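Read the structure below first, then the notes.
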Amino acid sequence: MLVRMRPQADMHAVQEVVRTLQDAGYDVLQLHHGGPSVIGVNGRPIAPDLPERLHRLPAVEAVVQVDRPYRLAARDARPSGSMVRVGDVIFGGPEPVIIAGPCTVESREQLLRAAEAVRAAGAHLLRGGAFKPRTSPYSFQGLGEEGLRLLAEAREVTGLPIVTEVLDTEHVELVAAYADMLQIGARNMMNFALLKKVAKTGKPVLLKRGFAATVEEWLLSAEYLLAGGNDQVVLCERGVRGFDPATRFMLDLNAVPLVRQLSHLPVIVDPSHGTGRRELVEPMALAALAAGAHGLIIEAQPDPEHALVDGRQTITPETLATIVRRARALQAALQEAVAVAD
Amino acid sequence: MLVRMRPQADMHAVQEVVRTLQDAGYDVLQLHHGGPSVIGVNGRPIAPDLPERLHRLPAVEAVVQVDRPYRLAARDARPSGSMVRVGDVIFGGPEPVIIAGPCTVESREQLLRAAEAVRAAGAHLLRGGAFKPRTSPYSFQGLGEEGLRLLAEAREVTGLPIVTEVLDTEHVELVAAYADMLQIGARNMMNFALLKKVAKTGKPVLLKRGFAATVEEWLLSAEYLLAGGNDQVVLCERGVRGFDPATRFMLDLNAVPLVRQLSHLPVIVDPSHGTGRRELVEPMALAALAAGAHGLIIEAQPDPEHALVDGRQTITPETLATIVRRARALQAALQEAVAVAD
Amino acid sequence: MLVRMRPQADMHAVQEVVRTLQDAGYDVLQLHHGGPSVIGVNGRPIAPDLPERLHRLPAVEAVVQVDRPYRLAARDARPSGSMVRVGDVIFGGPEPVIIAGPCTVESREQLLRAAEAVRAAGAHLLRGGAFKPRTSPYSFQGLGEEGLRLLAEAREVTGLPIVTEVLDTEHVELVAAYADMLQIGARNMMNFALLKKVAKTGKPVLLKRGFAATVEEWLLSAEYLLAGGNDQVVLCERGVRGFDPATRFMLDLNAVPLVRQLSHLPVIVDPSHGTGRRELVEPMALAALAAGAHGLIIEAQPDPEHALVDGRQTITPETLATIVRRARALQAALQEAVAVAD
Amino acid sequence: MLVRMRPQADMHAVQEVVRTLQDAGYDVLQLHHGGPSVIGVNGRPIAPDLPERLHRLPAVEAVVQVDRPYRLAARDARPSGSMVRVGDVIFGGPEPVIIAGPCTVESREQLLRAAEAVRAAGAHLLRGGAFKPRTSPYSFQGLGEEGLRLLAEAREVTGLPIVTEVLDTEHVELVAAYADMLQIGARNMMNFALLKKVAKTGKPVLLKRGFAATVEEWLLSAEYLLAGGNDQVVLCERGVRGFDPATRFMLDLNAVPLVRQLSHLPVIVDPSHGTGRRELVEPMALAALAAGAHGLIIEAQPDPEHALVDGRQTITPETLATIVRRARALQAALQEAVAVAD
């Protein structure tokens, strides 16, 4: 069961609801950020008169029984959608958010050059891997903490907040000390211990979809974060396993409008991993936004041919600038076409 | 090997090349429509001096060795892309083509009402199934020839050319006698006997991708049509089998820019079958166009709830009108954003 | 609704039931071969008193409401399983049936040599393609009728009944004039026109599963044959599309016990296409039988390296002989182990 | 590069090779258990004269260049296969190993009853989840350390070694203190931090295949364990994501003979998760062994209907006893049939 508070409800009103529920013996979970308060109830079966009693409280907007396995992540919890703020950047608002940068932090010079270039091209956040999940134990595993320090320096220089992946419960605090947004990668979407620990940091999280995860499983992984007390979650579709070797992954854009219907959380798309081919990144980035994505995460750096990892799918800052310009034109046109319709 | 003729090459020049090749003992295949002539050579290995000799003919633009299993369908055959004309409608030009109509022709009244409604909403062609491929032998299999007659009447009334599926070699001539464009459905993409027979009709063809076909297999099925003498082929992505039951199929939009890179044939998208859910049709239609699709085929009729087949994925003419309006805005914005960039 | 007749029910008793149903306005479908008669009712809703009335007829064993979309193919129609006879060979009995031979009939010498070799190795039927479904229009498409004549000659010489694929409604009669069993290939599993026409031949049919068909879709394609009057249908699992390029297809052996539970039709397995790798054929052939398959269809010929088609997955007659010997040992051991248990 | 030592090579001989390599500046990795020593070289490119020099050492059997991304896991490292010992049980020998028990440890009584029952049915190891990876944060997550204590008690009582899953780097030491074999679940196959930490425990590991992992990715995850110093690794195929909702997963038995060809590590199969349906467990267990699996892991307990987790796929001890008996008969028959052939 969910209790949705009115937008103007103050902390006292929220506390009153929480206390009522706790007195009745329930576990209480809350969404604080990015929209009106929402209170989730867990534990014992719902007493028949409880919804009625809650409805009578003036600050309560709605009491909803959710029939899906995820609750706090369900659209019903916040029908108008949530916003997630990272620095001055807002996911879930009218402007598409562009995250860009190299796949992997390789060196100070490479990172700073890339960071400047993606900032100039119009990116809002900087991405870059310090700890890398590599299929082979013999591949370069990232610079680790040194990479984090370089990311922090790049933030200093460019003003861009940084997003970087955390691979392991043991590094959560370390990565959280540097990053503005923690990325949970596709391979870890069902690493529930990691989800629980990242939830406790209170940092905004970018939760990538596992490459064979159903949309329901993905939203349940988000629910781990929300139920763990962290409601600043942005979802990211990054391609699923398919049968056609022509592309590295099959980008499942159906998932974008579906997630927007099922959940209030913002959702962005990674056309770099989702195609694995540089020349498909621009059209699929635009397709993602037309499908309703709130933003993009793109691998871009000045010298893609020399990237140590994933160069095949990395674009240049020039292509990124084109994407940003066309993304804005597309968004404006679609919003205007709606406005005319109304 | 492909011989690309200059745009201004006349029939005599083409004939000269054809004769040269036939004299040398080759089978010759040609693309006539929708762009400059292209001549494909088949049969014996290429004589080492042949490319050189052809190059010397003034009307020859290029002689290309194709390293993919499809040849006439390869982008190299016509780098600037082909156009396919159905009545006054052009696939492959700057305007997205909208095909719409009911899943199945059920009755005269239903069809005429739907045809008028989709024409008013901005559709360029009318779709509607007379022969239906049904998974169960006990399901309604379509009205057959009576359905074709009703489609012809609807064309009379609305002026919209008609697209309808042909299921079987034995009905090819019958369907071709009524339809302006023959559809080969996903289940028949590898029905090679049907491809060969449809090739001989000379009618424009809409070739849907099989729901577990690779892009290469799809282009090879198109090659059956082209090599069979029919070069008026439009490809259609309609969703592939995926692991997530949340949508009926997984719409593989990666395939759109990929096909545009690999082939000169126009490609459109079917967001109705590709999602199986009415509420996802609009966002995925726009996404398809942003990915570079040359058009859309959409199931629409005034009373989707009462459709005998596929009602769950059928939209209303009102939603169709919104899609058409937003599609135009999107296309204009993207083209302008390119123009500014150049 | 299905009416199952007692094993000893004679033709008169069956006719009585059929007449009762027809008089009540129903379409009637029947299973004749390979077990007790079964009568399927179709058309109007079932009158409430009808099951009761039928039950009262002494030759009626059971009246069953089937809640699945396929009916005649459902296990309920014949709980003890059906047998399909081709010459002296019985599919669905205690002995696993081995079909073997070259992928494609290439020449008289190749075929006769292969036929002798697989017979000597223990095969019960001879396979070989005369009409080949080829992904590329430029690939060898088979010898056509000449191939059929060679197959008939090989039958003459070896005594093995022959199984060969029919690709097209226009060739059904031709192929049926030569073959003992008609194969419908994976690409044609949903070629419903072909299913309907093959049903009318009355020849035993080998129905391969489409490579992205669900088990339910497969059984519905079988239902097309059964409802079309042909109840001599053997199913064949031959691998589905998967995401791992390490094998050509993913052999779905789960489908074998599942089909045996859902349907009374015999089911065999094709480990050649299902793996695409010669060295995996033997272990997967044995696995198929252990999973409950009633037989195997295997590509085998004396000189696999020189096969024009699919040599990579073709085994030698020596390996075939090993498979046959181990298959018998396995079958005997498993049956004995059951016997001990009972 | 791999250096394979002769079976009779002693520690001194191995040390000599290691020293030679280290002196030349290489990283050295070793396989100690379950067969002759193998030494893997990593780091700098191989000096041209190095293989030659190593060959001259009398205790060196072979020097192999491996052209696959995994090296220590490659079949070349130990062509005759590895054995992994857990207590008195040997994976990779002639006898199939049976692991059985409840999905989840729910209570002392449930576990002890189940443990006794599976021991009596012929199981060699006891499975049972103390820490459970649950898709929903609201589902029962296992008893944790209490569950481990109960497993230890069950081992005490039955004499069966215990296998249980470790979900998280933070619990590795705790789980290793109780378990005889550590299971890494499908969702964690690419949790590289976990693989590295589990490697250090020196405990035998059961590495499940991720449900969308290619065979190559799976072997690379095994390589993380081997390169981390733990060469006691048993692989487990447990089903991959498929498109047919008829079964929970698609059991990919092709992977079994493929892994046996590519790697020396033992491989077992989980027909419980691989089908998700109790009635398919027996046939698929037998199929797995016929395909060449070295053992099975099966969910079994006296009262499957009341299992808190996965009851739908749990079998009774009676069915387990049948599987064990038939498995032995099958194995004996197949080995005898080989013996006759040789």
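Note that the chains take the letters A, B, C and D in the order they are written out, and that residue 1 is the start of every chain.
Following the convention adopted for this analysis, a residue touches a chain if its C-beta (ideal position, glycine included) is under 8 Å from a C-beta of that chain, and two chains touch if they have at least 3 such contacts.
This one's a predicted model, so the numbers in the text were calculated from it and none came from an experiment.
S.K.: Which of these, B-D, A-D or C-D, gives back the A-B interface, meaning over half of its contact pairs coincide by residue number?
M.R.: Repeat of the A-B interface: C-D.
S.K.: If you tally the C-beta contacts, which comes out ahead, A-C or B-C?
M.R.: B-C
S.K.: Can you compute the centre-to-centre distance for subunit B and subunit C, using the mean CA position of each chain? Integer Å is fine.
M.R.: Spacing between the chain centres: roughly 35 Å.
S.K.: Where the CA atoms of subunit A average out and where those of subunit C average out, how many Å apart are those spots?
M.R.: Taking the average C-alpha coordinate of subunit A and of subunit C, the gap between them is 50 Å.
S.K.: Which subunit D residues sit where two or more other chains touch them?
M.R.: In subunit D, 212, 240-243, 245 touch at least two other chains.
S.K.: Taking the complex as given, what residues does subunit C use to touch subunit A?
M.R.: 241-243, 245
S.K.: Touching subunit B in the complex: which residues of subunit C?
M.R.: 42, 69-70, 133-138, 167-171, 187-188, 190-194, 210-212, 217, 220-221, 223-224, 227-228, 240-241
S.K.: What residues of subunit B sit close enough to touch subunit A in their complex?
M.R.: For subunit B paired with subunit A, touching residues are 212, 214-216, 240, 242-247, 250-258, 261, 274-275, 277, 279-280, 283-284, 286-292, 322, 325-326, 328-330, 332-334, 336-338, 340-341.
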